[in-house]
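Each of the next two complexes has subunit A plus one more chain, namely subunit B in the first and subunit C in the second.
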Partner chain A sequence: MVADSKSAFIDQTVVPGDVVLDLSSMSNHTIKLGQGLRQDGDVISVMKAGKLRFSKPNKYWVESSNKRYVPCVEDTVLGIVVDQKADNFLVDIKGPTLAFLPVLAFEGGSRRNKPKFEVKLNRVFAFLKMGVSSSFTNKQGLECHRTENMVKSAGISSEKVLLLLFSECRFFPFSELNIIYFPSQVGKLLYVRVVKANADMNPELSCTDVNGKAAEFGPLKDGYMFESSTGLSRMLLSSPTCPVLEALGKKLSFEIAIGLNGRVWVNAEAPSTVILVSNAIMTSESLTGVQQRIMVEKLMQRVQ
Partner chain B sequence: TSTEKTGLGSSIESEMEFVSPEGLRLDGRRPMEMRQIRGEVGAVSKADGSAVFEMGNTKVIAAVYGPREVQNRSQQMSDKALVRCEYSMANFSTGDRMRKPKGDRRSIEISLVIRQTMEACIMTHLMPRSQIDIFVQVLQADGGTRSACINAATLALADAGIPMRDIVTSCSAGFLNSTPLLDLNYIEDSAGGPDVTVGMLSKLEKVTLLQMDAKLPMETFETVMQLAMEGCKAVANYIREVKNLIIQYPLLCTTREYQATGISLWCIAVHQGNKHEPRALGSYEDWEF
Partner chain C sequence: MEVDRVDGRTPNQLRPLTCSCNVLNRAHGSARWSQGDTILLAAVYGPKAGTRKNGNPEKASIEVIWKPKTGQIGKEEKEYEMILERTLQSICLLTVNPNTTTSIILQVVNDDGAVSFLENYVMFKMTYLTKKVQLLPSAINAASAALLDAGIPLKHLAVAISCGLEESGSVLLDPTKLEEQKMKAFAYLVFPNSVASILPEASLQVEGELLEHGMITSVTHGVMLVDSYLHCLERGRSASAKMSDFLRRSLQSRVPNDLPKTG
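Let's turn to the complex of A and B:
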């Protein structure tokens, strides 16, 4: 590569507006621009703050660590189901828009065996129709006492809510309790793969790999999920193995799922292991390899 | 001493002295000297991007959420992102406790102004059908809150990783006692003289915000606006240095005190007077897990 075709800002911090390359001074080259850079006429300028990186022969991009995620094809992410439509689940992947996960995008998925995710959020609409008896034929005489209950956590089951409502009923003779029960499959944590990602459309996900096998994708049971930045996820997924994961793996046994959208899920036998691993990972983003190992050793000493 | 409303060479006996014969202002600055500026990134951990920005005694906090799903479907735009901005002043930010911190006409106007300024620099077409929320709150008000809010919003947007054309910075300038003054504080602002606020894309040198109170003759206006633009460039230089530190240490909020002095009209000579060493939050050994 000719010397003048390389930017002076490589491996340096850049902020939006910085001009990294001037194409008018360069001869016939093809430059590939990754995220964070844009072409503005004859110059290449920066859109996002971060470190400018260069890879031979001609790739430039800005590496930044943010809390929001930009969906890219073939990324593996951790999503949370927010809603269910006719054909898709709506999944939140911390991107600009919600993502669609087709109901059939599971191994052996067909119309007959649609996945049923554990019900975590129930919506119970109940209302009491006062004074219902055969003598009231027109609706004007009726008073509606409507109660709306939304069970927010998994602690209260839907059956208990119904029992509460039944107990309230006995104060109102000659009334009718109407219950409309919406079990919804929301709130489930999934490990998914991004299949389609355009800025103009909602991203599309899949719970199978390229060949159609399940391959570890799908809902994640138990464990603990925390949110961090995309830079931390990339560091954890780098090869050779990230020092903090290596140091933790030598002493503890746990399982971990890392989403490129900044979400990390940890599961282990004992909750104390989960807490230790989560804390170690959360604090390791700004440490060097050696510092990470020392930090993990100190954590272990304090626990033992 | 009474203050004149126009401040345009009115009778000398009734005009308060904002620039002493030696050339010092009420707080000891020179006419073309900015107040001490300080910026810090990552103050609000829950937000996608946040920043605190101080210009002298004016202190402002900005939080950015997004790009995320639009909450009000009717406002969704199919080709670009929706930018919402809310400006509010804390009750305790002014001398007397404020009764209505937001929703009054001034706050709505400044919210609109900040939104238009930031919308000009955010590349909204890259994130269609999404929403970006910018919340700025004034913690201490001592003149120039509008400018401090724009500077804080810029830092917060850069922290959130939202694609931008350039860094928008803002500064205000006025004209009192026949002298152009840079970066007015509250006393100088309420003197009734003209107050020119300029918001500028620093590298491209394009003006995205230009507001003025009161009146100025055209030639004087040119001078005052140029002065404000130089102030914007000084703030942009400072922001470049703040970003440098933040990207290297993402979890540590380091702050540097930076004094921009001696700004002449046509060139910035930035004097790094009280530059402290970057202060980390202790080393990793001191951290309690």
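Let's turn to the complex of A and C:
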């Protein structure tokens, strides 16, 4: 009975609009729909392009590889702290909205020992060059009034500083306001777990596992993070171990954290190892298992 | 009535189609679509948090930016943006990601104006009032391929085709820019793609009519009889089935087929 009601499109490429199941013929069954499928009246139709997969007894989903992530409960992802509010950190996980990480969601977290993830916002160098005019040729007439501002989230905004300087320069004829803008790295990289993920709300994260222990979650120090697609992350996390990671692990020692949202963090003692591992992983996305092993062997030969 | 077309096509033959996806590194989804000499690049960014000003927070909002090949952005470009926005809003599932914005940027790479300078000058004199509207069908196809690449949830895809009506009354599919300028009237039609379904055809009905007989957008220029318009619709619909097949095949070649199954 179950075999009859399986979709004919399993393991085939489907396109949005394709109808894969007809519910009117299965009245007593429970079906679990994963990513990429929706119920449209009496039929199940496809929302995203990809391969239709089925897992016993009753799970259907569409497997596709995208650059953006759709938050799901119990996924482990790499997030970047963007801002801090009273009760939550705002974390970017490459999804449709920012995620909230409660300040207390750490092992032994209490109001007294709140973790501090400093968010360095953009640096603005602005200076007023005074007395600049084509008719002036004296070299001493140039004064530089220089202001350096590192902006904290609680402090004055960079726009107000710029407005201040601009208003100042109105009083000095023949002066220029030069603005140099340095966007700098924002926030800490965290390895977190998704606790709540509903379509209408911002997803909620946690830095502890189900039992409340830290268990590898939390900020990631040093190392290098790169972004790729969700399909690559799933391939790296598949079991048995992905061929590229296995081959690299035999010759090199490194630490790696893989987020299901397409972010991968690599750390090793020597920067050259980090570069090697990152490049190997990025190239392995479109290769088969055998090709991945060959690629890693060739890389090793060139290095040693 | 067999009409001789300049490039040797039959009246029902489309120009050669190519589609490449994921061509841009930074965009979340991108596609390069070409029909003959008309080439368009579409990039999709999103969904991103926050809706546009005066947007409905219970739905996702779609923003379209049209970048012409040359010249400044004017009223023409705004009109294309509006037509595209309405077409794409009807194919996207707006309630899946409420309070988000998806931006679609279309860049015209080539305009199918492959004529010599002298001809160009003469044409310019005669046709300075003609809009470059023949880009619209290719733009819709490029945008829907890019949305597919980005993984935005869609009800179905949009397939666009242009039909022209000659002085003699015969209908030509997918006219080039030159052919279009000599035509009495033309129509740009956008249909939903043909779906692969396990249900028998008869049950895929929406309000008594087959889903595939629906139409998303129709933009017409010039004067034509109602019968000619219905004739265009028929021809356009059969051609859209061919284009749907093309999209499906191009998608199949991209998905790698021996990745280990992840549970």
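We adopt the following convention: the second predicted complex is superposed on the first by the 226 of 304 C-alpha atoms of A that agree within 3 Å, B and C clash if a C-alpha of one lies under 4 Å from a C-alpha of the other, contacts with A are read in each partner's own complex, and residues count from 1 in each chain.
Simple rule for what comes next: contacts are C-beta pairs under 8 Å (C-beta built on N, C-alpha and C of every residue); 3 or more make two chains touch, one makes a residue touch a chain.
Please read all numbers here as calculations on a predicted model, not as lab measurements.
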Given the alignment on subunit A, is it a clash or a fit between subunit B and subunit C? clash
When the two structures are overlaid on chain A, which partner does A:Ala8 contact: first (subunit B), second (subunit C), both, or neither? second
With the two structures laid over each other on chain A, which partner does A:Arg68 touch: subunit B (first), subunit C (second), both, or neither? both
First (subunit B), second (subunit C), both or neither: which does A:Asn279 touch? first
Once the shared chain is lined up, is A:Ser55 touching subunit B (first), subunit C (second), both, or neither of them? second
After superposition on the shared chain, which partner residues are touched by A:Met47: those of subunit B (first), subunit C (second), both, or neither? both
Between subunit B (first) and subunit C (second), which does A:Leu21 come into contact with in this model arrangement: first, second, both, or neither? second
Partner chain in contact with A:Met295 - subunit B first, subunit C second, else both or neither: first
Quick check for you: in the superposed arrangement, does A:Leu98 touch first (subunit B), second (subunit C), both or neither? both
Touching partner for A:Thr208 - first (subunit B), second (subunit C), both, neither: neither
Where on subunit A do the contacts from subunit B and from subunit C line up? 13, 15-19, 36, 38, 45, 47-51, 64, 66-68, 96-98, 199-200, 231, 286
Quick one: in the complex, what on subunit B touches subunit A? 48-49, 66-69, 78, 81, 121, 123, 126-130, 158-167, 201-204, 239-240, 243-244, 247-252, 284-285, 287, 289
Along subunit C, where are the residues that touch subunit A in the complex? 28-29, 46-49, 93, 96-100, 148, 150-157, 192-193, 195-199, 203-204, 247-248, 251-252, 255-256, 258-263
Of all residues in subunit A, those that touch subunit B in their complex: 13, 15-19, 36, 38, 45, 47-51, 64-68, 92, 95-98, 199-200, 229, 231, 279-280, 283, 285-287, 291, 294-295, 298-299, 302
Which residues, counting only subunit A, touch subunit C once they are in their complex? 7-9, 13-22, 36, 38, 43, 45, 47-51, 53, 55, 63-64, 66-68, 70, 96-98, 199-200, 231, 234-235, 237-238, 240, 242, 286, 288-289
